[in-house]
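Down below are the structures I want you to see.
Here come two complexes built around chain A, the first alongside chain B, the second alongside chain C.
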Partner chain A sequence: MSQIFQYFVNGLVFSSIIVLGSVGLSIVYSIADFANFAHGDTMTVGAYGALVTLPTLSGIGGELLGLPLGFYGALLVGMALAAAIAVVTELTIYRPLDTDAIGMLITSIGVAFVYRAALQATFGSDFRSYSIERSGPIPGIENALNVTITERATVMIVCAIVLVTALHLLLQYTTLGRKMRAMSDNPELARVSGIRTDRVLLATWVVGAALAGAGGVFLGLYSQIDPRIGFDLLLIVFAAVILGGIGSVYGAMAGGLSIGMVHEFTPLLTDVGIPIGTDYASAVAFIIMVVILLVRPSGIAGGEAT
Partner chain B sequence: MRRLATDTWLEKTSQGGLYSRASAQPAWSQLLAVPAARVARLGMANSNTGSLSTFGQRNKRGKQIALDDINETGVLGGDLEIIEEDTQSESGPGVSAAQKLVNQDGVPLLIGAVSSGVSLAIYKSVIQGSDVTQISQNSTSPDLTNFPDLLRMSPTGAAQASALAGIVNEDGHGKVAVTHLTNAYGVGVAEAFDEAYGGESKLFPHDQGKSSYSNVITSMADYDADAWLFVTYQPEFTTMAQESYDSGNSGEVALYGSDSVKGPNVLEQTPEGSLEGMKLVAPSAALDQDNYKQFAQAFRDNHDTEPTAWSAYAYDAVVTAAIAIEAAGSTDPAEIKAEARGVTGPGGTEVFTFAEAVEALGDDGSASDVNYQGVSGPIDLDKNGDPKAFEQIFQIQDGEYVSQGFIAGE
Partner chain C sequence: MSDSDADPPDDGAKGGGGARSAAEATDATDSPLEAARGTSGIGNRVTAFMDALTGPERNIVSAIATFVGLLVLATVFGVIRPAYLLYLLSLAGMYLLLSMGLNVQWGYTGLINFSVAAFFGLGAYGTALMSSSDAPILGNFPPILGLFFGLALAGILAVLIGIPTLNLREDYLAIASLGLAEVVRVFVTNEGQWTGGAVGLSGIPRFFDGWPVLGNLSRGVPTAAANLLLVTTFVVVTYLFLRRVHRSPWGRVQRTIRADEDLAKALGKDTYRFKMESFVLGSMIMALAGVFFAHLQLFLSPGVMLPTQTFYVWIAVILGGTGSDRGAMFGGFVIIAIQEGTRFIGGGLPIGPGPLRLFLIGVIIIAIIRYRPEGLLPPQRELVWPGASSDGGDAND
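Up next is the complex of A and B:
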């Protein structure tokens, strides 16, 4: 039983990274209207942004949830950098480019290569990690529940919840959020009704890329950082978005959580005697995605747009 | 479209094919007022990025030192040049890299690749059935033994697996959890271990390049073994070691690892002391030989760090290729192929450097006249294209790899 609870906790931790990635991808998809293949590498940009600033910020004293305050500063820098790079890309590449969704998709693959190559040229392809010492499992929780979870993992889960809640509030209760939703429903109608769609689009990039940046920082905090981490996760993030219902932010949250959980629950199959090893975790996640799509062709939150 | 170059001299323009640089750009060779230096070109498919990039970077250094040494003497009176392409440590891009080198650049000999899976993919889709010689610089999967024409400088992992099984038995562990990559290298070594090891064991396969392996670690912890063996790559192993530490397994089980999880970066990126006592088996270079010492000195001078056995294999791959060209007396792929295996011995004059080999070969020497003793060891490629194995045992003590002795293979 405690084993199942452990899988669940592992799933929560992994899901918090995927959700941050999938929500950002989904919001960009619904408003900019194309599948952004550079999203994974935007995550990597965020991870490196934090890596570079962490040494200077680590002088800040104090701790929050077991991690130095400097880390949260570095997290914000990572998010800001990812957002800035995304905005620059939008202004210099995507906006001037007069092409359809497929053209944009292919362009974004090119952009992804450029991001990755730039990171690799600057930092090399060796893997690195944030200079925050690992603490091991939190003893209190391990003793009480027989489940191991680290302080950094709890930080990741808490931050993911905070960010996703903030996004929810932004979308539902602010003028910008209403404009974004209007644009996602019908961009032409939004424009004729006086919404400056260009600005909303930029805001969308900022929000989507900042969330991706946060996901990237957590990915680096979780294990380590190299120029491919974001790209390696991209397929799973796409699966989460599609599972949730393309373009739906709330669906992307649900999709991210499901995919992360399925990924970490795969050992259960062997436990109950089904000979499917953990090396098939991604395959199992994708099969479940296909099954859900067969039952609900438009995804978990199908039909309900942002 | 498949064109296998019979000659890669740049200045021979008369019958250049579709891809020949010289014929495509005749004006260039005239514009460049360089005296007609003849350049022999080889190809190298290397892991410049991806999971094995740390190996790729050391290969690059080994290759460069080899080129410097070789070009002091010169190959067939000209310079040796190596065109390098990135495999990204994966089969798809690896095959594209090899196709570009063989079909477009027309190299007669290809050094590649690091990963066994990539080496095999390249062999099967580009090299097999052609006259081009392939020498893998770093692949160790036992599976490569089944492809005699795919030569390699690094010893088979079967030797490593049996050494590991011996140590685990000696340490008295009765139950082992083995986690391995699902590629040719991982499966090959893990299965060879399983066969050589007497006690109870279970395999936990995992895929390359995943962001999380906590599902693997959790199920290994659940298996309740005395010892864990890791047959994977450095980034994957680092993630696992971190997750194992995070879930409180450190110090609970004895740790063992294959060569590919050993690296200074692993020690740096894992929590201090979490890998203490771990034992690893890694192929070793010929540390006592003079030519190795010179190679190591050049490596230190250029890069301020000690070379690995892997960079020594890359060095030997380049030197072996150069000696094969010299023995063939041309850059014709078929003629090089006929010589490549033989120049590593056994039999013939023992030579330790490229310059010595050129001298021993004289004007019309052939493979049987030389026995190249590489910086990595005797090499002596057998009929399966495998070199003699020479393995070193390491243990992590106080955060450093400390040698525990050597094991010589067949």
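Up next is the complex of A and C:
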């Protein structure tokens, strides 16, 4: 039983990365109206942004939730860098294009390759990791609940909850959020009603890419960093988005949580005697996505709009 | 390779040879006479052939001729070995096959298939497992059986991917196919007891092993020439087959689906069935390329299924011109230029060959969609039954 609870906690940790990725992907999907295959590499950009600034910022004293304050600074830098790159890409590459959603999709693959080539040329393709000391499981929780969870894992979960809540407040209670929802509903109608759709689109890229950047930083915190991490995760993130129903932000949250759980519950299959190892965790997530496509193509959230 | 002196780019959209510019029409009326008069001279034939082409085609034929000419020159002067030249040409032929396969799906029916690498890999692993002396299962069968096994595997996978996705929005197929391709790659990497796993699979015989004459060739140039012959056969057979198929009523339905699926449905066509047929056919052509690759390299590792491989083929298709088999031929040469060229120019640049290749793929994709979305050689005569065009038949037909 405690083993299952442990899987659940692992699932929460991994989900916090997937949710940040899938929510950002979904918001861009619904407003810019194409499947952005560069989203995974945007996450990688965020991870490298934090990697570069962490040594400079680690001088800042103080700790929060067991991690040095400098890490949170690096997190913000990673998010800002991802957002800046996304805005530049939108202005220089996507905006001048005169093509349909499929043309945009294919272009975004080109963009993904350019991002990755730039990172690989600058940093090489070796694994790197953040210069933060690894600490063991938090003793209090381990004793009380018999579950191991590290401090960095708690930071990831807490930050993901904070960011997703912030997005919820932004979408529901601010003017920008209302404009974004209007645009995702019907871009033409939004434009005739006086919304400056190109500005809202830029804001969308900022929000989506910043969340992706945060996801990338946590991904680096979770394991190690190399130029492929984002692209490798992209498919799982897409699975989460499809599971939630393309274009639905709240669906993407639910989808991200479910896919993250499935990913981390895969060892259970071996425990109960099904010979599917953890190497297949992503594959299992995918098969579930395909099954969902078969029975409920509009996703578990039923295709409700943002 | 600009089209400044060429036809208006919408030439293809108007439906082929009949819509050529005035200058082209004059050329076309002159050329049969010239060709008839000068059948003795090769020069005249070349002139007649060039006259029958459109402006962009001429530029590209010249570009390919220059490229091949440079390669031949480099061979003559000993910069590259003759066997390597033949090997490069065989690889170009293999990419041509892959592009023709993707053209069936994307070019004619409009299906976004991002699992090219998986079908290619399945074809390669199918024949390798059947024929390799080191294969963990099967093994030591003649390669010709492997060919059918590889094609069958690819066909089955295509049906499995197609069932859940072909009825949905087109971007679902893009995502699902890329994902399932990764599942296949992970499977091949992890199930070493069946596939040889991450270390790879060696001991693959040459395709012609056991054949009367072709089986006993010495290594080096004769073998490389035999491989080139094999891939040329595959390409020609596939090309003729596809040309026939796409001019049939079946092909017309496929193009209708690409243009407007609702229209095809309104005409009473079972578009799901047609899409499935197109998906399976294209995937099996990709597997054929994989079969050739296995017997060319004689060694396989799961790396052949990396997504990058898929996007090379995508470049070949969209660069050449979606739906255009002549375009695919050009695209094949460009891929070889990127893949092999980056090995040679790597030294002088601050960027390694790996990232440089990625960068080139990315920039080419972005540039095509931005500046020439219809590709360099948009389809024209592919879609027209010979004799249906006003100038009655072309040099190519």
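Quick notes
Please note the rule applied: the second predicted complex is superposed on the first by the 305 of 306 C-alpha atoms of A that agree within 3 Å, B and C clash if a C-alpha of one lies under 4 Å from a C-alpha of the other, contacts with A are read in each partner's own complex, and residues count from 1 in each chain.
By our rule, a residue touches a chain if its C-beta (ideal position, glycine included) is under 8 Å from a C-beta of that chain, and two chains touch if they have at least 3 such contacts.
In this text, all values refer to a predicted model and were calculated from it rather than measured experimentally.
On the superposed chain A, the positions of chain B and chain C overlap enough to count as a clash. In the superposition on chain A, A:277 makes contact with both chain B and chain C.
Contacts of A:148 after superposition: chain B is touched, whereas chain C is not reached.
By the document's definition of touching, of the two partners only chain B reaches A:136; chain C does not.
In the superposition on chain A, A:93 makes contact with chain C only, not with chain B.
In the superposition on chain A, contact is made by A:125 with both chain B and chain C. Applying the stated contact rule after C-alpha superposition, one finds that A:5 touches neither chain B nor chain C. In the superposed model, A:112 makes contact with chain C only, not with chain B. By the touch criterion defined above, A:290 reaches chain C but does not reach chain B. Common to the chain B and chain C contact sets on chain A are residues 120, 125, 277, 279, 282. Interface residues of chain A facing chain B in the complex, by the touch rule stated above, are 3, 6-7, 10, 13-14, 17, 120, 124-129, 133-134, 136-137, 142, 148, 150, 152-153, 219, 222-224, 226-229, 232-233, 236, 263-267, 270-271, 277-279, 281-282.
The residues of chain B lying in touch with chain A in their complex are 48-50, 53-54, 57, 182, 204-207, 209-216, 218-219, 222, 234-235, 238-239, 242-243, 245-248, 250, 265, 269, 271-272, 274.
On chain A, the positions that touch chain C within their shared complex are 34-35, 93, 96-97, 99, 101-103, 105-107, 109-118, 120-121, 125, 231, 235, 238-239, 242, 246, 277, 279-280, 282-283, 286-287, 289-291, 293-294, 297. If you check the complex, the residues on chain C that touch chain A are 112, 163-165, 167-172, 174-176, 178-180, 182-183, 186-187, 189-190, 307, 311, 314, 318, 350-352, 354-356, 358-359, 361-366, 369-370, 373.
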